[in-house]
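What follows is chain A paired twice: with chain B in the first complex and chain C in the second.
Up next, the complex of A and B:
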């Protein structure tokens, strides 16, 4: 099974608008998912300009899926869905 | 912490920076409230029109204008902005007299604090609320407890006694948070700050769930000064550590990239504060071993003494704060620069006004400039500081930091030196009473450190991460 790739935008806009709460996401991932999820902190993904500023903080999942107003809870739920309840 | 209030404030700041940089702030600013709350979309309050009206006031505060001083309600934001540009041309903008402003239309006029019984009451047989009430203010009527508001003294005994959590205390968050009773509802039921009493600690600014208390920003003033080509020195407070991703040196580099002509740590000023404050302390103790001295680096504390504790004025250290020394360092290096203090504090705005520091930005406002200019702190090469500030000086932003610094310095000079110190870690109604005991000499200490924010400046009202 492919790993779930999670890219957290740590650009200053996303950081100010909530990404600061996701800096320790890796620690919040349940142990049984750890080797199935790859979390990366990225510099500005420029989604706050392409999409809209109010949607920050942005997270990109598996290169294509964009999550607006991301929170650790929302992310963990989505990761769980992608893993198909594999945990 | 991030919540709806901080989110909208930061979003507006970033929008202002972006619009300013694209040269379209004057033409765009009146559109921002409409863009953010278009018709047919969900409103945060009763309707999008109310939301827009408040957004307009938020933008006014971000332009540095006091909502209380508004005369012409029809005046568009673009007109305020244009006026600012004019005033800047003749010698720079006037610094706001008061750093806070209350947005009346945003204030919810919270009902007065009361202890009330809710639907959770089951009218039980034991009735611990009735038995525990020292004022006999509770009766059970038709199977429900009822509190007589005329008798109730809000002691809260019934709240703890009830096994169903049926009794709650409603509060007026701003009034509850204010340590000095400076914010009160006026005859219209809208919160109003008495600036004669206000110490600018910023507690109400953080406490109001309707974000009705706003800071009067100098963000646009700083952007305009940069654009005019003025040399601005970013003086970054020690509390900046861990506020942004990356190291302090990277944050300094980010400031330089954002357009500041020079950057420095305020901790360098803190080193001078430590040296002077220690010398002052030793001198005071030599003169009168029974006296005590209290710190002067927290501006909200100094405001508290001046406005409410006149008996303590003589005990406040005369040593200038790290910000003031940092300004001296910057001016000594190049007298033509203007100084910008960057920190987590509301009260610094009042100190800056007195001490000739030209501008104050909060970490949020700095963040907005960096975000608007697409600068990621973590991607910046560390700034080549001539030397990093002393660790004890960098530690000023934590509670006990000043005490530790003075103690370390004094012990180095006088071996076996003892400091009989006490820290007031956060000003609230209770600690205000404590401080009064110190003033009357009832508590034997000789060094009293007071920080308005619990934990120190790192938990300041405008910090990004607490």
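Up next, the complex of A and C:
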């Protein structure tokens, strides 16, 4: 299975609105998923300037999917779905 | 726009004088009994240093040393003849009840760019003048004596101080370190030991800054003495050199058409460039074809600020306004970089290593910063950078340039 790629926006707005809580996301991922998930920090995804995307903090999953108002819990749920309950 | 400098090296005509000191206080004392003071008289392109060791140690010595450097710097600045200055200083120092004398040593350095330097010393170890690793003798070397204080001889030297030269001045806490406690150093480290150490350090690191060299010498003096600092240790280093230029790019240009020219300002060599801001980093990625990489470990140890990224061959990238805000408060309060969150620390350490700091500021306002949900007020980039510039000039004697896009 392809790894799930998670890009966390670390721009000012995202960081202040919750990305700070995701800096240790890697440690929050259950051990059995760790080699199936790739976490990256991005300097800025430039999504906060666009309207109607749902609000910061933003996370990009697998290059195309955008999660607005991301939280570690929401992200972990979504990663679980993408891994098809592989846990 | 300023001329593009290469590899952090400014134009030859633009010399910079770096003046730094490192000190350790005698174990058990609340105050250092030595004092070092610097002054730059911009209008005259003139640079002054005074280093003094007060009689005894602790607060009493500190008062003597501080009075001496404060008076000496003012007298130098006002061109009062050395002998007259020394007499006024000696007449003014409070008399120690125990020793019945008022005494503080001094080393004074007075230099005008493009001219010769004058060094006056009384009671301190002799200065060291190095050109590369070679010691340079003075052009003139003489003694003057005061009628009031016949036992206090002042040595006065004229020195040919050129680009690339260093002057090292220290208190006897440096040259006498190890004295009495180290069998291999019957008379302590001595001036010859300091000289050999400095030459060896410069041979290994020919561009070593005045700050690093002064710290290395002071630390070595401390290391030589087992069981803590036996005397106050002070070492001042003056280094005349071509300025080390650093560039901080922050914020997107007001006009997008200027992005390419803006990004070219980042081509100064990776040790000299910082991009502050997510959009800024994105512009450099796009215009210069680089990629910002953030290590996972850096995300975990970011310490309350977004993590640092690296742009291979270009420099480092940090978040913008929060990081600059931390940099500003550290500079204004003169906090050491070591205790700051990683990104602020990285910028501060780079600033300390450079002499001239050029800010390239994009003036476009980031709309997302106006989001009412953001839990704190975000200052405007332009005003934060202006305050950083003022703090760098005032507190750290840096040259600063601001270029707006």
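Everything below uses one rule, namely that the second predicted complex is superposed on the first by the 83 of 87 C-alpha atoms of A that agree within 3 Å, B and C clash if a C-alpha of one lies under 4 Å from a C-alpha of the other, contacts with A are read in each partner's own complex, and residues count from 1 in each chain.
Here is the rule we go by: contacts are C-beta pairs under 8 Å (C-beta built on N, C-alpha and C of every residue); 3 or more make two chains touch, one makes a residue touch a chain.
Values in this document were obtained by computation on a predicted structure and should not be read as measured data.
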| item | value |
| --- | --- |
| Touched partner set for A:53, first chain B, second chain C, both or neither | first |
| Larger contact residue set on chain A - chain B or chain C | C |
| Which of chain B and chain C A:72 touches, first, second, both or neither | neither |
| Partner chain in contact with A:18 - chain B first, chain C second, else both or neither | first |
| Touched partner set for A:10, first chain B, second chain C, both or neither | both |
| Touched partner set for A:80, first chain B, second chain C, both or neither | neither |
| First, second, both or neither for A:44, with chain B first and chain C second | both |
| Shared chain A surface residues [contacts with chain B and with chain C] | 10-13, 15-17, 20, 23, 41, 43-44, 48, 56 |
| List of chain B residues in touch with chain A within their complex | 2, 7, 10-11, 14-15, 36, 244-245, 364, 367-368, 370-372, 374-379, 464-465 |
| Residues of chain A touching chain B in the complex | 10-13, 15-18, 20-21, 23, 41, 43-44, 48, 53-54, 56 |
| Partner chain C, residues of chain A touching it in the complex | 8-13, 15-17, 19-20, 23-24, 26-27, 39-44, 46, 48-49, 55-56 |
| Residues on chain C engaged by chain A in the complex (per definition of touch) | 277-279, 281-282, 292, 294, 296, 298-300, 302, 304, 306-307, 309, 317, 319-322, 366-369, 371, 373-376, 378 |
